[in-house]
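So, here's a batch of structures to check.
In the two assemblies presented below, chain A is common to both, partnered first by chain B and then by chain C.
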Partner chain A sequence: MTQWYIENGPESDVVISSRVRLARNFESYPFSSKMEKEQEDKVLSKVKNAMMNVNGIINDISKDDKSIMRDVIFVDIKNLDVIEKQVLVEKHLVSPEFVESERINGLLISKDERISIMVNEEDHLRIQCLFPGMQIQNAWKLCDSIDSFIDSKLKFAFSKELGYLTCCPTNLGTGMRASVMLHLPALAITGYIRGMLDACSKLGVAVRGLYGENSEASGNMFQISNQVTLGLTEEEIITNITNIAFQVVEQERSLRKDLFKQNSFRLNDMVFRSYGIFSNARIISSDEGMKLLSDVRLGIDMGIITDITLETINEIMLLIQPANLQKLAGRLLNQDERDIMRAEVIRGKLAKA
Partner chain B sequence: MTQWYIENGPESDVVISSRVRLARNFESYPFSSKMEKEQEDKVLSKVKNAMMNVNGIINDISKDDKSIMRDVIFVDIKNLDVIEKQVLVEKHLVSPEFVESERINGLLISKDERISIMVNEEDHLRIQCLFPGMQIQNAWKLCDSIDSFIDSKLKFAFSKELGYLTCCPTNLGTGMRASVMLHLPALAITGYIRGMLDACSKLGVAVRGLYGENSEASGNMFQISNQVTLGLTEEEIITNITNIAFQVVEQERSLRKDLFKQNSFRLNDMVFRSYGIFSNARIISSDEGMKLLSDVRLGIDMGIITDITLETINEIMLLIQPANLQKLAGRLLNQDERDIMRAEVIRGKLAKA
Partner chain C sequence: MLCQNCQKRVANVHFTQIVNNKKSEMYLCSICANEKEQLSMVSPFSINDFFSGLIGVGNSNYTEDNTLPQKVVCEKCGMSYEEFRSIGRFGCDNCYSKYYEKLKPLLKRLHGNLEHTGKIPADIYKSINTSREIERLKEQLNKAVQNEEYEKAAEYRDKIRAFEINVENS
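Right, the complex of A and B next:
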């Protein structure tokens, strides 16, 4: 089973992934911060039992969604070592707080890692669906199916006035965060990214960099997501984010064409220099790795680099993150060791490709 | 016939080439600066005639030297276009002043370009012999053969007190400049180069960078040569320069080993990054090209890069010089065009290798 992040989805020249997450709490239990250990344990086992028995479920869930849901397995966070925990964080399957939490908690994930459900995070449930490319509608549909399924077994806390009740008021209403991860090298190179960010925030959309420890948007990867969860329907939020994302995608595409038209030699040179370092260097830091990967990804989309696929780049992007490197090595690595291992992994993957 | 600069000579890990040149004037003519056109013409045709008829020459010239001398052809500088003139300069076969001179002048060169004799430069004759690697003794031997041969036909201006008479007093005596071109990346990287330069100048040896338009020693290539021509015999000058060159060579070698021992990953990384850019970039400036070439050359010597030979690097070093690029293109190129062509030539040569 291919994990979602290696596949390419629609608009994969610019859109890396789409994600929807729903915050939910059960009406018969207090919010996580007020729960007793015993209650935590009960919530966890109830959700686990429900999700482990998706057979014979309600009818309005599509066959595809059902089959992904049937693949869900349970992961006991307490049984994971420090590297395994960090790998989940790097895959965006859990929050950093979740793996460090003292609560009785657990994770439900599907084998393709499209579904991840954190139990006893800030809210009782954080239902998340991740899809490659521009598939925010599909991510929402799957989230909705899971939501309906669990709600049919265990009643969620819901107010007619406020919608779904959440621990933090910023999630009230729909409890939904819909986001799209975009690769925006041309906007970054030309400097138009700043104006784009300003425009987004005026439209109630948050933008933040991804994967960067030091820089704000390492590898020119940006995530846009809705800021408002209350006063709009789920469909309105999805439509809104989708429309804005498509506008950004079109702007990025048009700037890429401009860059090529203005000076194709310069662009070729930039891409091939990065490719040359990417495929030859013996020590590559996290930030540099993402910068080089960004240039190479752009080069593939522009037809400048033809012997590497976007799938290979997607895989490398994940594999060069610190915990994934340590998982590969089978042990903890210090920063120097990681930088050497990162260069090794990149060369290995490119040589295979 | 392989031109000398493509071959590898002894100590080619550090020594690129050895050169000896003799300044000579004929006793029956005034110095170049005082000559009439008619006299220039006579000097030129006499030397030309002598060198075009090396058959049946005096006995104390070795068979090898004779065979190179028989290969000498005449080049009329006035018939060359601007690119061809510049190519000769880049090959160090003529001085920049020589190709721009208003005098009636001419060049005698052997097909392997080991011998070049400028007629009517600052002195009537500048006899130069160039050999790959550390072969200063061989270069001197060949120079000496040519000198003896011409002297046997056309008497040189010589004073028992001052030795050979030259136009500029700095050449008086032996009229000899012996030089060795060295590749000194480890001395440069570690910063010990400054101390080495100081020591050389105290020993009466001049050091200067080669091939650099902007920087003093582009590509970490340094030429060391004798400053004093008077009061020493030719043999003493040759021995002196040879000894100093060997000391520098040993220092460079020992520093290369230290660099590798201290941090082989760092060194590998530096070499492979440069190789990656060298073999992939689409635009490479003259200075950057020499810098990258220096790193790759070091990498080959250290056994880090194994699929490229020093011969290929020697050839590239010459081919990426401005006039050589324009000769390849068959037309004048502006700087941007040269930078693109330079990257193309490098990729082409590396792909073949």
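Right, the complex of A and C next:
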């Protein structure tokens, strides 16, 4: 089974991935801010029991989803070492707060890592589905099935006026955060990215870096997500984000064409210089790695570089992250060692492809 | 010069307080100034009220302290509204019903909307549908009675009874 991030999805020349996350809490327990250890433990057991007994799946889940559900495994965060925890963060499966938390928490993930369910993060339940490319609708459908399944077994905290009740009022109502990860090198190079960011915030869309809140845009990667969760239906939220994403995608594509038309030599030079360093350097820092990746990815998207696939690039993008490197090495590495390993891993993957 | 409050220590703090557009100035020693500052925290235009700028004027600590003799907390988890304001998170689902009125302006600011229109848990969906259905049938029954269509009215009456029994049993 390939991991979701290696596959290519629709619009993958600009859209890297789509994500839908639902926040839910159970009725009979206080929220995370006021839970006792005992209660945290009970919530975790309840969820485990509900999910692990997969034979009782309701008929609404399609045949494909059923097989994914059967592959959902429980991961005890507390038993993981520092590197493994950080790997989960780098794979976008959990938040940094989750792995550092003192709470009694747990994680349910599917083997292909498309589904990730955090128990006892800020809310009792955070259901997340990740799909490659532009597939927000599919991500929502899967989240919806999982949510309905758990709903059939446990009672959610819900009010008719305010919807699903969440720890933080910013998640109230649908409890849904829908986001899309975009690669926007042309917008960044031309400086039009500023205008795009401003327009997004005016439209109630949040723009963040590669790793969500408090992260910076690195490698020209931008994550856009909805801000309003109450008063809109889930379909409306998805339509809004999809429309805005498509507009940004079209902007990016037309700017790429312009860049090529204006000075194809300059563009080619930029791409091939980066490709040269990317495939030959012996030491590559994290920042440089992301920049090179962006240039090479652009080269592939525009058909300038033809001997690497996007799948390989996706894989490399994950493997060069600090914890992933250390997992490969099998031990903790200092910065210099990581920078050397990074270059090695890149050369290795490129040689195989 | 000596502190205007205690008259004992040297005044090294110039304390200015503006309340309701009235400015008062005092020369205090650092200890009395600290005490004054702590008291100010509970007065009308404190830093906490900056947050309540989001919630709306007229919702500040000042009015609360005036009208309620004791601290108000949620019965289920013990969270006070002040606590919510300082950490930005609620303690339990009951907090939402307890503090609903105070919360409305904040929700309006955050989401622009106050009513949930999205997905509903399955069992609540059933009960909402049932009550809507009962309402609808009652309307039909009234119309039928007005039109003197008594047989139809009887049918509707029986249907309503069936629904209501269903609700009682569930």
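By our rule, the second predicted complex is superposed on the first by the 347 of 353 C-alpha atoms of A that agree within 3 Å, B and C clash if a C-alpha of one lies under 4 Å from a C-alpha of the other, contacts with A are read in each partner's own complex, and residues count from 1 in each chain.
One rule holds in what follows: a contact is a pair of C-beta atoms (placed from the backbone, for glycine too) under 8 Å apart; a residue touches a chain by one contact, two chains touch by 3 or more.
All values derive from a computational prediction rather than experimental measurement.
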{"item": "Chain B versus chain C as contact partner of A:Tyr192, first or second or both or neither", "value": "neither"}
{"item": "Which of chain B and chain C A:Leu172 touches, first, second, both or neither", "value": "second"}
{"item": "Partner touching more residues of chain A, whether chain B or chain C", "value": "C"}
{"item": "Chain B versus chain C as contact partner of A:Ser148, first or second or both or neither", "value": "second"}
{"item": "Partner chain(s) touched by A:Phe260 [first = chain B, second = chain C, both, neither]", "value": "neither"}
{"item": "Partner chain(s) touched by A:Leu230 [first = chain B, second = chain C, both, neither]", "value": "second"}
{"item": "Partner chain in contact with A:Phe246 - chain B first, chain C second, else both or neither", "value": "neither"}
{"item": "First (chain B), second (chain C), both or neither touched by A:Phe156", "value": "second"}
{"item": "In the complex, chain A residues that touch chain C", "value": "25, 27, 29-34, 122, 144, 147-148, 151-152, 155-165, 167-170, 172-174, 176, 228-234"}
{"item": "Touching residues on chain C, where the partner in the complex is chain A", "value": "76-79, 87-93, 96-97, 103, 106-107, 110-124, 128"}
{"item": "Chain B residues touching chain A - in the complex, by the definition given at the top", "value": "265-266, 268-269, 272-273, 275-283, 340, 343"}
